[in-house]
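Take this structure first; my questions come after.
Chain nomenclature is as follows: A, B, C and D, assigned in order of appearance, with residue numbering initiated at 1 for each chain independently.
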Amino acid sequence: MTGDSKRRVAVLLDSSGESSASRATNAFVGALILLNVVAVVLETIDPVYARYRTVFRLFELLSIVVFVVEFALRFWASTARPGYEGPVLGRLRFLVNPYAVADLLAILPFVLGVAALDLRFIRVVRAFWFLRLFRESAVWQSRQRFVRVVRARRADLSIAVMLAVLVFFVSSGLLYYAERPAGTFASIPDAMWWAVITLTTVGYGDVVPVTLLGRLFAGLTALGGIGLFALPASILAAGYEDVSEPTRSADADAECPNCGYRLDDSE
Amino acid sequence: MTGDSKRRVAVLLDSSGESSASRATNAFVGALILLNVVAVVLETIDPVYARYRTVFRLFELLSIVVFVVEFALRFWASTARPGYEGPVLGRLRFLVNPYAVADLLAILPFVLGVAALDLRFIRVVRAFWFLRLFRESAVWQSRQRFVRVVRARRADLSIAVMLAVLVFFVSSGLLYYAERPAGTFASIPDAMWWAVITLTTVGYGDVVPVTLLGRLFAGLTALGGIGLFALPASILAAGYEDVSEPTRSADADAECPNCGYRLDDSE
Amino acid sequence: MTGDSKRRVAVLLDSSGESSASRATNAFVGALILLNVVAVVLETIDPVYARYRTVFRLFELLSIVVFVVEFALRFWASTARPGYEGPVLGRLRFLVNPYAVADLLAILPFVLGVAALDLRFIRVVRAFWFLRLFRESAVWQSRQRFVRVVRARRADLSIAVMLAVLVFFVSSGLLYYAERPAGTFASIPDAMWWAVITLTTVGYGDVVPVTLLGRLFAGLTALGGIGLFALPASILAAGYEDVSEPTRSADADAECPNCGYRLDDSE
Amino acid sequence: MTGDSKRRVAVLLDSSGESSASRATNAFVGALILLNVVAVVLETIDPVYARYRTVFRLFELLSIVVFVVEFALRFWASTARPGYEGPVLGRLRFLVNPYAVADLLAILPFVLGVAALDLRFIRVVRAFWFLRLFRESAVWQSRQRFVRVVRARRADLSIAVMLAVLVFFVSSGLLYYAERPAGTFASIPDAMWWAVITLTTVGYGDVVPVTLLGRLFAGLTALGGIGLFALPASILAAGYEDVSEPTRSADADAECPNCGYRLDDSE
């Protein structure tokens, strides 16, 4: 009896559920998440906040109530989902789930009544709720493809990352010592800020080398930044190429050249 | 009789028309569009405008007359083109055509006599008239190829876009709260401006994080910017690769030069 | 007799010549070009110029003499090279050759004795002499491959360029009008400077939009800048892929699957 | 006897050694290197240094002792490794090894007692010790693949580099002369700093052209910067594509599931 309603609730709140009731629930929660993100953004604009303070508070309270209820229901019904059986162990496993952690992190501050100014920081976490909106099947598939590409090219990508880390440390150190006479950087961590902004070719220009040696090293670092980019881009491109191969070869080698047997993928 | 002259006008003004009269008309209209773009640009230079004010006004008037006549003729003749039959429905369908909308948007302000200062804004729309110059067959084909690549890789590209949106929101929020003590950003929308300029690796440097935490998050955002770029580039590269496949396999598996055995994929 | 010495001179000065004398001559001229580039660079450093003024003048004079003699000899001997026959027509064709034009542009100012301060501008042209150093066969081959890739992908690349031009004009215009209240840009050409620096993701930050609308359009422009880059990169990648295909398919289909005939490319 | 202990020491200190003792030793040295990098970074933060001065000195001394002992042992045992036989020649060959050079450069200043302020510069070299941490087999393989890709595409990459060098020199020169009236650049080397920062699309904005001509050339340079990037990225992408080919074709042409006919490329 309870098990049955549990199962129904679990299905209803499952974001991949296909019944119209489940879809409506998910659409409602999704819209509420989006509206919350918009609210968090608008709240930080002083005149807007001053004017609509009560509206924001009310909307927040309402959202929290909905999210707490939704979370409580999912927590309660979690044991009815495959892989989460068992009243204690299953629930613990559910709580460790990244989506549940994101939910909790966003809800807790309010529930504990500690919605102090600095804790609002944690609301940003709610943006991760976006992820819940990303479960549409087509997207899911390409997400798996991305993971597959990264995994297949892990070794190549890791060497690119290592090279980047090496260039990052060496250029930070070299620039700090080269710019010492001019006092451009207060410390190596200060030079690291410069290095990451240069290597990614962002280049704010808030800290800029001024000595001859510093500029020489900085030029080389900037060139390294291009490599930092070109390498992973080309590795990923080759990876995506390989992943898209099966469809291609299926087109090309549709028939065995010896016996005429058709290599049909539908079979 | 009228239907015949209609057809002739429709053919004459059709930008893909191949008769020499049609080509001349299109070249003339194309040149006039280009000159108008140049005029819009030059007009904004104060000394130039002060000096040649009358020339600009005259040229504008003349262009408008030409464009209005051309548009009126095409509107009138549109019913003679396949897919736009019917005096009312066909013409409505013609007006919904994106090229017609761009034309209308550019002409209307002048026609209505409301060429007020702030409405000149709308003249920029005329730049879209460039699109009319892009109908050359080779270009058209590669445009279709681009659309095909994007469509085939839609799922992969959409996840890249989603990741970008997620990173954009999260980094805007994190930076706003991290930089609060220093008051770098007035609000989250302010931080969003910073985030888009950083994620695209443009990096103006007009707003720059100054706190330790802010710089840490900013560095990660800048690295995310590289990903934001590397991912779509590699997805598109793999997509273009696939599209160019047919020619390739046709070359490779053509025919054995010895026995004439055909490795044909058409069968 | 003269024809014979002409041929010998032509061979000697031919940058792709393979005799040791030809190589030595080319190495000498090449080194002189490089030294001239270095000299042009160093001359602009005031203290260096003040100190070594005479050395620079002497070196310049010496170089000019060598280059004039070399050019005169090549001009005289040009008729002995295939494709440049005929004392008048052949020589005219030689003068139209891009390398000859670069040579002339660099020599003329000195020869005419008009080495005035502002004409030194033209010396930069000498950097193009670098091109003469690029004729090594392996490099030449890959240069041809690059030309082939660009030509094969011309249609795709041209649409990318067109899109970039369209985005460039539209964003310049939109930004100018959007930033009007703030007076950020003096004119549309001023906004064009901003647009090119943003679309290439360079982002100096010397002119930066400040209005809400301006920042919105600027953000979209910056995103367009990524596309501006991702598109040609992926088109070129697919192009290079195709060019490298033959070797690949030769590896894969080395043998006809029907009769066992080997598809050897050496044959 | 000595030879035997030598071999044991050589194996113990070999970073690719697989015995648990060798692994422990390498992990210890690796951790010490990482801690040294952290120490070098932290030392430059004034308040941290002021407080923990003695700790830094002690840790430095300890590290140096360990590194000297490790280097001495490896130097002594080097003759037992294949390729480094002979007490004099083998040891010289060992000293020429890039890893040994990096080790020496990092140790020497301390050993010679000249750990003067400005020589601390050399400590940055220790970051290269990171390389020792990169010898894990999977990483090694992909490193070799990277080298293979670069080597296979050497000609294409070199022309990209040459184009970059040409654009770099020409744009530096043009900008210097174009900006002369405004005095933006003190000299061509000054303009070179600008050029490298623009071509890599970093764009600090510390030196920015202000004249019309200068901005025109600068815009073209920025566009060239995109090419500078797109070209090597696409060349590398095609290169990685080729390297990953064998696995692919092996997958595709494996065996007909009907008749067992093998499409083998090894044959």
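One rule holds in what follows: a residue touches a chain if its C-beta (ideal position, glycine included) is under 8 Å from a C-beta of that chain, and two chains touch if they have at least 3 such contacts.
Please read these numbers as outputs of a predicted model, since none were measured by experiment.
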- prompt: Greatest Cα-centroid separation from chain A: which chain?
  reply: C
Statement: For the C-alpha superposition of chain C onto chain D, the rotation angle in degrees, rounded to the nearest 5, equals 90
- prompt: So, what's the distance in Å between the C-alpha centres of chain B and chain A?
  reply: 30
- prompt: Approximately how many whole Å separate the CA-defined centres of chain A and chain C?
  reply: 42
Field: Multi-partner residues of chain C (at least 2 other chains)
entry: 192, 201-205, 229, 233-234, 237, 241, 252, 257-258
Query: Can you list the residues on chain D that touch chain A in the complex?
result: 37, 40-41, 44-46, 120-121, 123-124, 127-128, 130-131, 134, 138-139, 141-143, 145-146, 192-193, 196-197, 200-206, 228-229, 232-234, 236-237, 239-241, 243-244, 247-248, 251-253, 256-259, 261, 263
Task: Sort out for me which residues of chain D touch chain C in the complex.
output: 154-156, 158-159, 162, 165-166, 169-170, 172-174, 176-177, 186-189, 192, 198, 201-205, 208, 215, 218-219, 222-223, 225-227, 229-231, 233-235, 237-238, 241-242, 245, 249, 253, 261, 263, 265, 267
Query: What residues of chain C sit close enough to touch chain A in their complex?
result: 201-205, 233-234, 237, 241, 257-258
